[in-house]
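Written below as structure tokens is the structure these notes are about.
The letters A, B, C, D, E and F name the chains in turn, as written, and every chain counts its residues from 1.
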Amino acid sequence: MSTVKKFLFLNRKAPYGTIYALESLEVVLISAAFEQDVSMAFVDDGVYQLLKGQKTDGIGMKNFSPTYSALGDYDITRLYVEKESLEARGLTVDDLMDLKWEDEDDDWAEKDSIIVVSSAELADIMEQQEVILSF
Amino acid sequence: MSTVKKFLFLNRKAPYGTIYALESLEVVLISAAFEQDVSMAFVDDGVYQLLKGQKTDGIGMKNFSPTYSALGDYDITRLYVEKESLEARGLTVDDLMDLKWEDEDDDWAEKDSIIVVSSAELADIMEQQEVILSF
Amino acid sequence: MKFTVQVNEGPYQHQAADTAQQFVRAALEKGHEIYRVFFYHDGVNNGTRLTVPPQDDRHLQKGWTELAEKHGIDLVICIAAAQRRGIMDPDEAKRQGLDADNIAPGFRISGLGQLIEGGIQSDRTIVFGD
Amino acid sequence: MKFTVQVNEGPYQHQAADTAQQFVRAALEKGHEIYRVFFYHDGVNNGTRLTVPPQDDRHLQKGWTELAEKHGIDLVICIAAAQRRGIMDPDEAKRQGLDADNIAPGFRISGLGQLIEGGIQSDRTIVFGD
Amino acid sequence: MAILHIVNKSPYERNNLASCLRLAKAGAGVILIEDGVVAAADGGKFSGMIKDAMKDLKISVLGPDLDARGISRDKVIEGIDVVDYGGFVDLVAEYDCPQSWL
Amino acid sequence: MAILHIVNKSPYERNNLASCLRLAKAGAGVILIEDGVVAAADGGKFSGMIKDAMKDLKISVLGPDLDARGISRDKVIEGIDVVDYGGFVDLVAEYDCPQSWL
């Protein structure tokens, strides 16, 4: 089990309407335990998963959005967000949660986990993967 | 149970990819037993349900398209097909099954079950309904 | 007013069952009558008593059962959809030669006619699904 | 080649389970190895032995069980997804204090780690869903 | 007879809202629920379509679903009515027939 | 590394195919399966999008799914390769990584 593969978890759905966003978080956290090269991408309505200020009391579901802040602790430090998807929805990175991770190789400097990329850049990133799981 | 209500079964999905087309047929046939005023509408990918020449051996599912021909015997004689949906898909009424019913009030004359209507006409038809079930 | 509510999706995968349950509760609070909840397609999966969601999550099946117990709501599972998906009451399991059943309290299995009859008897029929 | 196949939807509502099973059969015919089939989300509903589809319809659960028996394919049901949806093996039912189980022969319940491990061990991981 | 159209999917993902608006008649109501609420946020690609539709249709949105998705009330297109589940029930009762665009 | 993109939804219903084509790189493969096969029929609103994409991408379609939906082979856009389940398996093996647009 010493193989390290490149896993990409691709998220394309809004949260709460379906279970995919929650399950994606679950499996990403598990994948961290396998010490793989893991990143996440947020495309289309998947960008809504990262919106600030989610409050789920009214729909009776658990608010799982705080979990995104914990991803850095599991070495999940690359959350690619497609710029074109944000723009189509009238959103900017300021509407998203402020997610950070601490880089131990850089004197524990705080860095942004969210990386806004163009479609072309994301296409390049996708092409480097060995396993892509879509949610 | 002598009430007669206007029921519309609205079909918007291609057949076989999901079970909705099949279930719609099932419930329409049941509704006939209740002697209601029943019609069906085919909108968006629902128009694919009526395409000629469906052959399902390769996917291992039952071909339920012959059932549409039996609808007339159950007094389901109005199958509204939205013109705009056909056109967007490059289809014409000639691509659809030739569905007939016999009008007992008109000396058993054979009449077309498929009625191609514009969006505006369908909107009028929808507005006259008392129960709309979507598939 | 009398409502019939159709539920097309099972619990947890889609929000449909949640919204349907919230709608039913709100309708009761407003003094309306729920004539029937009809579980169709994957909606039949609301009616298994074997679900064990995480402790901090809502328990949709228990929510339905409670609505049936407190308000006498008729929870009907479509028999053909149930057979395809493995939702069985004791009688049906026996008839099919199966060694287990899984229907939850408050639910009953019946035919699609119950949906049409609900539509006829109710002032409004509303569908929740994917 | 070694394949891991993920199935996200239950039988009959969506074509996903059908396509996955056709894919698995075709891969075996081509001489490939199916390392694992992982049933996730509503896909866990493939693994109940209580389904009774109409006689003229395909029986998807039996199709999976047969693949497990003939080709030794590892059919894994995600435990968290199974608990939410009421898919139980005898041990898990006991642990949860339930009076019945419904898992079909050839399936086993395990964690999400089995999916990741499948992805690591296989040459290709392919997902079927809605 | 006026219909209450119920849309539970995002217009960015599916054609449900577009089909609904094509087939809704003046005087009908539309309520956005579940993932459909994202259409109520201003500034997106479909905001123009919604604003056009509001000339003829009364559009509502389910507040609890907006909150869950982090869409604050001040982002909602002006003129869209934010309702709770009780308000949703009232709308179903007020219009003659509900139609779910699934 | 070239991806095999798998699209199982109709472009008339959902955005899956559009997103796939936006994010597919030259040299990638696309296979249309299940309800996605309707995109392979010529003469529809999305036929132009498919034909454009074929300049850079190899597009295949699952024959059994075409047959089920009554789309005859002579309606399929020229240049799209019709394959059976075995051919689908071959494509998954041929490309480096499959990606399902669900």
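General observations
Operating definition for what follows: a residue touches a chain if its C-beta (ideal position, glycine included) is under 8 Å from a C-beta of that chain, and two chains touch if they have at least 3 such contacts.
The structure displayed is predicted, hence computed values, not measured ones.
Think of each touching pair as a link: the shortest run of links from chain A to chain E has 1 of them.
Centre-to-centre separation of chain A and chain F, using mean CA positions: 27 Å. Between the Cα centres of chain D and chain E there is a gap of 38 Å. Distance between chain centres (mean CA atoms), chain D to chain F: 26 Å. Residue positions 8, 12-13, 15, 34-35, 64, 84, 97-98, 100, 102 of chain E each touch two or more of the other chains.
Annotation for chain B: residues touching 2 or more other chains are 12, 16-19, 44, 59, 61, 131, 134.
In chain D, 12-13, 15, 22, 41, 57, 80, 125, 127, 129-130 are the positions where the chain touches two or more neighbouring chains simultaneously.
Remark: the chains found to touch one another pair up as A-C, A-D, A-E, A-F, B-C, B-D, B-E, B-F, C-D, C-E, D-F, E-F. Of all residues in chain D, those touching chain C in their complex are 10-13, 41-42, 45, 48-54, 57, 61, 80, 83-88, 93, 96, 98, 100-102, 130. Looking at the complex, you find that chain A touches chain F at residues 10, 12, 43-44, 84, 119, 122-124, 126-132, 134-135.
Considering their complex, residues 6, 40-41, 80-81, 111-113, 115-117, 119-121, 125, 127, 129 of chain D touch chain A.
By the touch criterion stated above, chain D contacts chain F in their complex at residues 1, 3, 8, 15-16, 19, 22-23, 25-27, 29-30, 32, 123-130. For chain B in complex with chain F, the residues that touch the partner chain are 12-18, 44-45, 48, 51-59, 61, 63, 65, 88-91.
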